[in-house]
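Each of the next two complexes has chain A plus one other chain: chain B in the first, chain C in the second.
== the complex of A and B ==
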């Protein structure tokens, strides 16, 4: 650390002159730029760290959404550009990058952030600056009155929706349920969702263990979980934590004693640990490519993704990148440009079907009302091919009933 | 809380500690003998896991991976010593530290480029799948195997260092390289072998961890932090220290997980802080050693 006063000082007069010149420059109307100006969408996502696999899929899908619009001539003749930034799964980093996107890169809207904790930081910044933010991370708090703003939209499912759907498929009255939970916003919200759902069904909690986020070893939690003798073990964590926790639970013979259930079953993590470990694990999802037999939009989304990515299939969290950016661009199209209030209005009125069926943003809290899938991981012998990972147990159509009510979230109704 | 649960928990802690011991051992040997703080140790642990996985799929058997990967990566370590580290002996401790830090980045990025950033499945060897009934509860066979294997490796290492001529040269070389050279020992070759051994142990740790954790490019960074904590608690450069501290950390994490699971990771650092306050040189460290 340099000592105070040891740094060279800029003369006050120069500084003042520089500042006022800068201010004048900023205040000047941006003449002649508006007409052919590209539309810039900021996209913070954790490209490095334990959620990197999911983040990269999001980027690919977001780029696809942008490409499809540009191929059709852009929005009102203006090309769209995606500005991807690595938020490093860190709230501070995400806030800084978002601020940079807004101040320096002059983005017209922000889409992204994968971690529930990080998205709240992004939301703080966009809310303060009056920039539209379409969150594609699972969160139960971003729609609540205290975090909400008219600029905040939530394209992802929320824990309340997925846990309820999963619980409906797996829990019965009188069942004993144990919880292994990642000790941060996502885990807490999922636990809250499961407990609410299990209370409604009449199943009982026999215990819950909070584990540190990003732990590599889960073995030390297993003896105690098994001693609780539950019928169902709910593992509420994300990314690599999910892969490791399930793998180690299986090593300890947990599956012989109980069923493993997760709020969100992840395509990439299933690939990372293999079919034997995941066999029989049930979880919720926003998207699965196998939906193409039931949904026309899924089939065309799959086809577009395959064409752009050398035959690869889109994943669950990837699909969020597509629908998040896609819905925003559709609203800009409808609003005829990037005027924030007009786009907000268009988003609120938007009926869109990009990946899996009809969706719309509920007016009071801007939560996307959409279908929820419940998937079961197939056993190796039942897989028709390398990509045939899950069986679809349920596809609950989107409705207001699956959300908490607006008054419950603290909104004036 | 019944006794069998506590015993199972203890066993989990020992299995966890066994991986820590084998990894910290490589770190501490290289530091103790060469005075090199190897920041690439975690990355080499990760490379070991990938090499083990690759060799296992190539030969169709986990056991070949377990045997060959540490040897192969150990040789790779010798290459690193010969080409890079060797030039920095006698300079300040920061130089090799920075070099290995940079090296770890290159290794991690290299693996990302070749194998991608997603995890890769590392199946448990078929003979060790499932649990063993211990009478008081069930424990994964694979983890029991890890405990036994680490014990065997430790025994062999101890016997080599204490009872053989090679061990004598190594120990003497660590204490006074100049005299060893005067006596006609090619100390450069000793250092080469030591670095290779340290890296080989990191790789062995990686292969052993593979079937328990998912294999991914970042798996080494967490392990590096743990290995450093164990090394500091045990005393820098102390082999006995690494063994005792590794088991201590594993068992503490496990026992704390039983009563206050959310504290399980922090306990390791709390333990380190306490040890540093009471014995700044670590449990088995030599006071005043600066390397």
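== the complex of A and C ==
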């Protein structure tokens, strides 16, 4: 056992007194908060990591939704507060953050998460503790009976919806289709969606290549894809992977041979890479600011966002933050407070139109039924300004037919 | 609360004061852990300190006390968590038995990896452990039907646990903390027993001079393998605690970045000290937790602080503190 100098000794009583004083001090704010009437919404999102650009947009939009409600006097006189936490794109971190939000900050509901694995982790924590969670991450899994609970709502589109809309717009009977797919849950779900849509249309698969998540080099895949001689190439990946894959496909002259199609065309990636690379690429989207010529709610959302953010325009993933928080607040407004069962009831009955047209949560699986946009990236000469990125090819109105049926998802109907 | 000195001869306790108190390092460590949730900003953070403390403690046995720099500790952390989750979720094993089973299976995995890796030395040992741990990562990624793949393992929420016929609400953060603390206490006691045994002296002898230990007649190879397994067993217990805590097992837990984090925590807290792993885990997690609330650029600050620590406190926070009290000086 180690030796000890008997020099600097702290009397036990002093130490104990100090410790209990410290503990009391830390407990103070918690005691004070009990009387607090603020409605608190937890918002875990990946502020650091490869999806940080999308996450920042989500935070801005979510804050806007909160601000608009607070400007009108809050909900039943109670102000709303958004508690943003960095989930670091890590499921374990997100679960810990959500636990903190529920146990320490006593949030009334949670909205957020961008990656599929992360939202499933958040969902696991919230449903065990009976807290409402509105997911704004594209997922095919969260609505299935295994992961579903009455507290779970899914505001984002799911892969099934976007791939079907994109396929309807770009594929025809007898066409040959090749797939380049990121080898993780998101890519697999998108591939499954495309194949299902393809089968319905009567197009044929000529091959699929999986690439590792976060790959920088796609040069080995391109010649193989070109040798399959497809009419359409579906690239199912996300974030920087999408930009890199399309850039290298263009370098290889893929576009002269076939059309490039993506399940979700990303505003920020298109901005990052530029019009020449993305020219003619078609993809699905939940929102595009250019919708304002067709939709009143898009126009007012754009205007509010511009006013709050120095004239900037809202992006696709940002809009999820706005509609996710916005629909929840609208339901709380209708329920007259934060009582969980009443808010769930209100969410199930809610008809909302926040960014692009009418939306509602389907009762059996709480998936938001909403319109799906199909966008085509404009060529440089056709752009009216820096923000004029896409032409809207289609705006499919929301209907239950877009979704997999409740029995298919394993719900009792 | 500090590590034993190398060689029993040096380790006779001081007659008075702090030295006598520090004889009871296990009890003291547990006492500190018992008040931890009331000192930290949140219970979830305190539970994480417990979990990572145990994981890093297991690693410290390998790195700090035996001098084997492994880059694959995440494999055992993850194995403990996955085995616990799978046992509870798929086979309906009671939670306590699932933990025991998970530690057992993870120790077997450690034996397997240990047999291969302890044949190598130095940087080669680090690389082999890294490669084998990555292998475990890809197995978990590919066996999606069992492990949930990319989406992680779900569907084994433990909300009630029965303790001696008493039903405890495991979703309550305070209950959960103290149930998990019992595991940490067990691990602390276990580690103390190992270090106080002749075997503990042998592994420190290996760290100080492998040739000499061999010349003294110790079976160096077998000792390395045993300590590798013990280290894996303790770290896997941390994994079991994580599975019980979060009710999910994220795939990231097996990633080499987790191994890197474990190495950082042990350096931050102070390798070779008994309580250093907990200090390291706590400092690391608190820094990350608190600074990321202030700014999205938290990585710059955490990185800078880490660099400062490595430059100016090479013995880690706890190691330096002990030195300050004149405790570490007894060691070579």
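Operating definition for what follows: the second predicted complex is superposed on the first by the 377 of 413 C-alpha atoms of A that agree within 3 Å, B and C clash if a C-alpha of one lies under 4 Å from a C-alpha of the other, contacts with A are read in each partner's own complex, and residues count from 1 in each chain.
The rule we apply is simple: contacts are C-beta pairs under 8 Å (C-beta built on N, C-alpha and C of every residue); 3 or more make two chains touch, one makes a residue touch a chain.
Model, not experiment: these values are computed from the prediction.
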item	value
Partner chain in contact with A:412 - chain B first, chain C second, else both or neither	neither
Chain B versus chain C as contact partner of A:90, first or second or both or neither	second
Touched partner set for A:384, first chain B, second chain C, both or neither	neither
Contacts on chain A seen with chain B and repeated with chain C across the two complexes	52, 56
Chain A to chain C touching residues, read off their complex	1-9, 19, 22-23, 26-27, 47-48, 52, 56, 85-86, 88, 90-92, 95-97, 99-100, 103-104, 116-117, 120-121, 124-125, 128-129, 141, 146-147, 184-185
Sites on chain C touched by chain A in the complex	2-5, 11-14, 16-23, 35, 38-39, 41-45, 48, 149-152, 154-155, 157, 159, 171, 173, 242, 246-248, 250-253, 292-293, 296, 298-299, 322, 325-331
Residue ranges of chain B in contact with chain A within the complex	2, 5, 8-9, 12-13, 15-16, 117-121, 123-124, 130-131, 137-140, 142-143, 212-214, 216, 218-219, 222-223, 253-254, 257-258, 261-262, 264-266
Partner chain B, residues of chain A touching it in the complex	49-50, 52-53, 56, 183, 209-212, 214-217, 219-224, 226-227, 240, 243-244, 247-248, 251-253, 268-269, 271-274, 276-277
